[in-house]
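Structures are listed in the sections that come next.
Presented sequentially are two complexes of subunit A, the first with subunit B as partner and the second with subunit C.
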Partner chain A sequence: MMLSFTAPGPLGTAAEVLPYLLDGAVVTVKVALGATPVALALAFIAGLAGCSGSRWARGVSRGYLEFFRGTAVIVQMYWIFYAMPALTGYRLDPVFAGVIAVGLNLGAYGSEVVRGAIAAVPVPQREAGIALNFGPVQRMVRIILPQAWVAMLPPLNNLWIELLKATSLVSVISVADVIAESRTLRNTGYSPLVVMTLVLLIYLLLALIITLIMRMLERRAAHRVGREPPPLLPRRRRRRPPVPVRGEVA
Partner chain B sequence: MEREPVPAPADAAPAAGDWMIRFDQVVKRFGDLTVLDHLDFHVRAKERVTLIGPSGSGKTTILRLLMTLERVTGGLIEVDGRPFSHMPGRGGLVPANEKHLRVARRKIGMVFQQFNLFPNMDVMRNITEAPVRSLGRSREEAETRGAELLEMVGLADKAHEHPARLSGGQQQRVAIARALAMEPEILLLDEVTSALDPELVAGVQCLLRDIAQESQLTILCVTHEMHFARDISDRVLMFDRGRIVEDGPPEQIFGEPREQRTRDFLQAVIEAG
Partner chain C sequence: MDWDWDYALSIAPEMLTTGLKVTLQATFAGALVAFALGLVLALGLRAPWSGIRGPVRLIIEFVRSTPLVAQLFFVYYVFPSALGISMSALATGIVVLGVHYAAYTAEVYRSGIDSVPKGQWEAAVALNLSRPRTWTSVVLPQAVRRVLPMLGNYLIAIFKETPQLTLITVVDILGLGRQLGSENFRYLEPITIAGLFFLLVAIPASLVVRRLEHRLGT
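On to the complex of A and B.
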């Protein structure tokens, strides 16, 4: 069958809508890249506070975690964008509001990853640090965190993808991300099948890029602590040679 | 935390100036379990003391208290004539804070049963990191000393190897070099050969014997290897249930033990080994 490029067949529609969706994707990437450092910084601050000897610091960290984990991102976004101006009299830029809401939310999840990875570093490593007279900060920075980092990366990969997907909510506060663009296109009469398939593929592609970056970091981190680095791409599992039956000559 | 009242500080200058370590009525409890029960003992400077006794008799706890990995429940530890577990304050002695401990444990190094090398650093870095960060040595200075120590423990060619790629015996040699790089006056050895394959034990013991003979270190050693205890020490303390049962030179403890408890313990060790 010949493909017609004049009639708006699926491919034709795709070619027409793609530039709009890519514009939206750029905004999605911007929000995600803005929210990532916010989330990462909060994850480390709250995660470290969660391991602190001070009850006060642990309490604040716990409060942050429970509050932001327990309320939906979309509600937080609405609150920051629509409700906060009533308190402060100042409306944030929608992209900035989205970055803050997504960052705060994913930072809360990230803090548990950081705390868990730090707690998983064997106690004798800490004790060796004391025996060598490292101070508490030196122990954390030179001994504990570099080892915890390896354990953090796979769950942080998950969270980074979660963060990317959470940015899809910024369309509700009038940010023209890929979701907002797709809505406009559908409302204009373009085939939802084509538009939404492209949106799926855009998110998938972005998630794969994230995974690739994280895999590279994971390999480097594993190498640093003397572990066999995980393969960048899934490798075919080598079959074990069959075990010879006892008495059988090979 | 329950802490027993501290005894009044000893005279400003300790009576016997050559005590390197002094335990004065030291109590250590973990919950309801009393591990050390009003323990008194002294170790002279450059003395090499082995602590023997059944598991749970408190030997390792003594090393952990000296390394400040545990805090005393009661009593006082002095090192080199100065309060170690406590510091002056409020007109007497109060439990030491982190700052006091950091100065106090400068004199002490420890080698662990499980080596505890840092997996995020190569061999040389394991040895030099603490002298650089904690003693303020320059990197070059620390590496020169590190190379000498690696030479001494027979691993000069492994400086840039990763700890995970070394055998247990080699890892323990690195751990010994790492402890010595901090120039301690007291070296604590906590069952340093228990985690090694049998054929690697002799090499590490031989190394430690040489170190003990050639250095000026005060050594406290916990071991279940009675031959090693006999070779390395000039004094043996037999522990049972947090108390010293017998205290004497190795020839006497192993040759003609006075206490029945010591005889039973040595008999059990011989039968097991």
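On to the complex of A and C.
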């Protein structure tokens, strides 16, 4: 009833469509939060397997990485939701299928980050662990991972945003996320300009929240291994002038 | 329901020709835009004037933090009504893919430019080369060479993003697969063929990129 009296023009439209888009945004956040632990767990399992001594573990990790990096998320979603039921006989819940597809995909990318960060911990740290008679598990948990974690966080920040962006595809398997809501609103005749601008702003806001959370984690992780914590908000980056000498040479 | 070879073989040729035509066209055209525009953005990040650097950085952050689908919908549905610019679905897809990945390749070029040793700049000054000449004949050739493998990775990434163009009605290999699936009530074979197509192109391509990395010694 109240809605019919709202202001005309773009702002009125925005006020009308925003509640629907926010409903969709809640679903987007749910899918993203569901996929995050899946991706993180897979990234650590595959990442640790990737730097293990066993050729088998490395091979499986590599295969997982290449398979999921080699195909597109949207194709995987389609396959899990539409094609797999033909083989297994039952259809997954759309939200669950989306969580699994996004989680498997981003887990593959994450495993490279984990592997790289572990490999980048200086060898003397490992040797010091051996010298102090630490077992392999102790070395990994107490010495290597805390340091690797510091190096992992900035790339994981990017990956988490990629994960959020990948969830934008769940509408193709009929999940009512923010993209699906925007499509419905557009088809009901609301101005696409207003609807899509709001959608972009919602994603931007979610990405900013992710970056803030990751900054806080980075500060804590750096603090724990005795390094200077990075600033919470990006400091104005001091840039070197583009050319050392300004090119004016007689 | 099991895998039906006859059906799979009957749709495979049509799907693969579409895949090769539309998907690769979108990939290469999108990559061309991304690589060119990315270089422009990278130079914008190194501009001597902060009035250019700031906005360029904002654009890059904005494009990188919003999903490609949202950008595709924005350009496909908003531009015709709001700006009077209407493009075919495929052209929209190419432009949006290009702009989206330009935000990524800009960072790649920037890292390449930053990795050119300072001595090279000094040598260019010592040789009395002009600013444009320094960029085109000293800095960029070295910078681009260093980042070629990374650009290759982004080419593969763009390739894998192209199936999202089906959402704005482009009929690529996935779009055709969806059509065939709904016509015949069998999704297993077409979607699997589409998936295999991506794997069969992306995995050898990433091996080539890795070899390139070794050859360039990065």
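We adopt the following convention: the second predicted complex is superposed on the first by the 228 of 250 C-alpha atoms of A that agree within 3 Å, B and C clash if a C-alpha of one lies under 4 Å from a C-alpha of the other, contacts with A are read in each partner's own complex, and residues count from 1 in each chain.
Going forward, a residue touches a chain if its C-beta (ideal position, glycine included) is under 8 Å from a C-beta of that chain, and two chains touch if they have at least 3 such contacts.
Predicted model only: the values in this text are computed from it and were never measured.
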{"item": "Partner chain(s) touched by A:L132 [first = subunit B, second = subunit C, both, neither]", "value": "first"}
{"item": "Partner chain in contact with A:E66 - subunit B first, subunit C second, else both or neither", "value": "second"}
{"item": "If touched residues of subunit A are counted for subunit B and for subunit C, the larger one", "value": "C"}
{"item": "Subunit B versus subunit C as contact partner of A:Y82, first or second or both or neither", "value": "second"}
{"item": "Subunit B versus subunit C as contact partner of A:L208, first or second or both or neither", "value": "second"}
{"item": "Which superposed partner A:Q147 touches (first subunit B, second subunit C, both, neither)", "value": "first"}
{"item": "Residues on subunit A lying within both footprints (that of subunit B and that of subunit C)", "value": "none"}
{"item": "Interface residues, subunit A side, partner subunit B - complex", "value": "124-125, 127-128, 130-136, 138, 142-143, 146-147, 224-227"}
{"item": "Subunit B residues touching subunit A - in the complex, by the definition given at the top", "value": "67-69, 98, 102, 105-106, 108-110, 112, 114, 116-120, 129-130, 133-134, 162-165, 178-179, 182"}
{"item": "Sites on subunit C touched by subunit A in the complex", "value": "1-3, 46-48, 53, 62, 64-71, 73-74, 77-78, 81-82, 118, 121-122, 125-126, 128, 130-131, 134, 160-164, 166-167, 174, 177-178, 181, 186-188, 191-192, 194-195, 198-199, 202-203, 206"}
{"item": "Residues of subunit A touching subunit C in the complex", "value": "66-67, 69-72, 74-76, 78-79, 82-84, 86-87, 161, 164-166, 168-169, 171-172, 179, 182-183, 186, 191-193, 196-197, 199-200, 203-204, 207-208, 239, 241-245, 247, 249"}
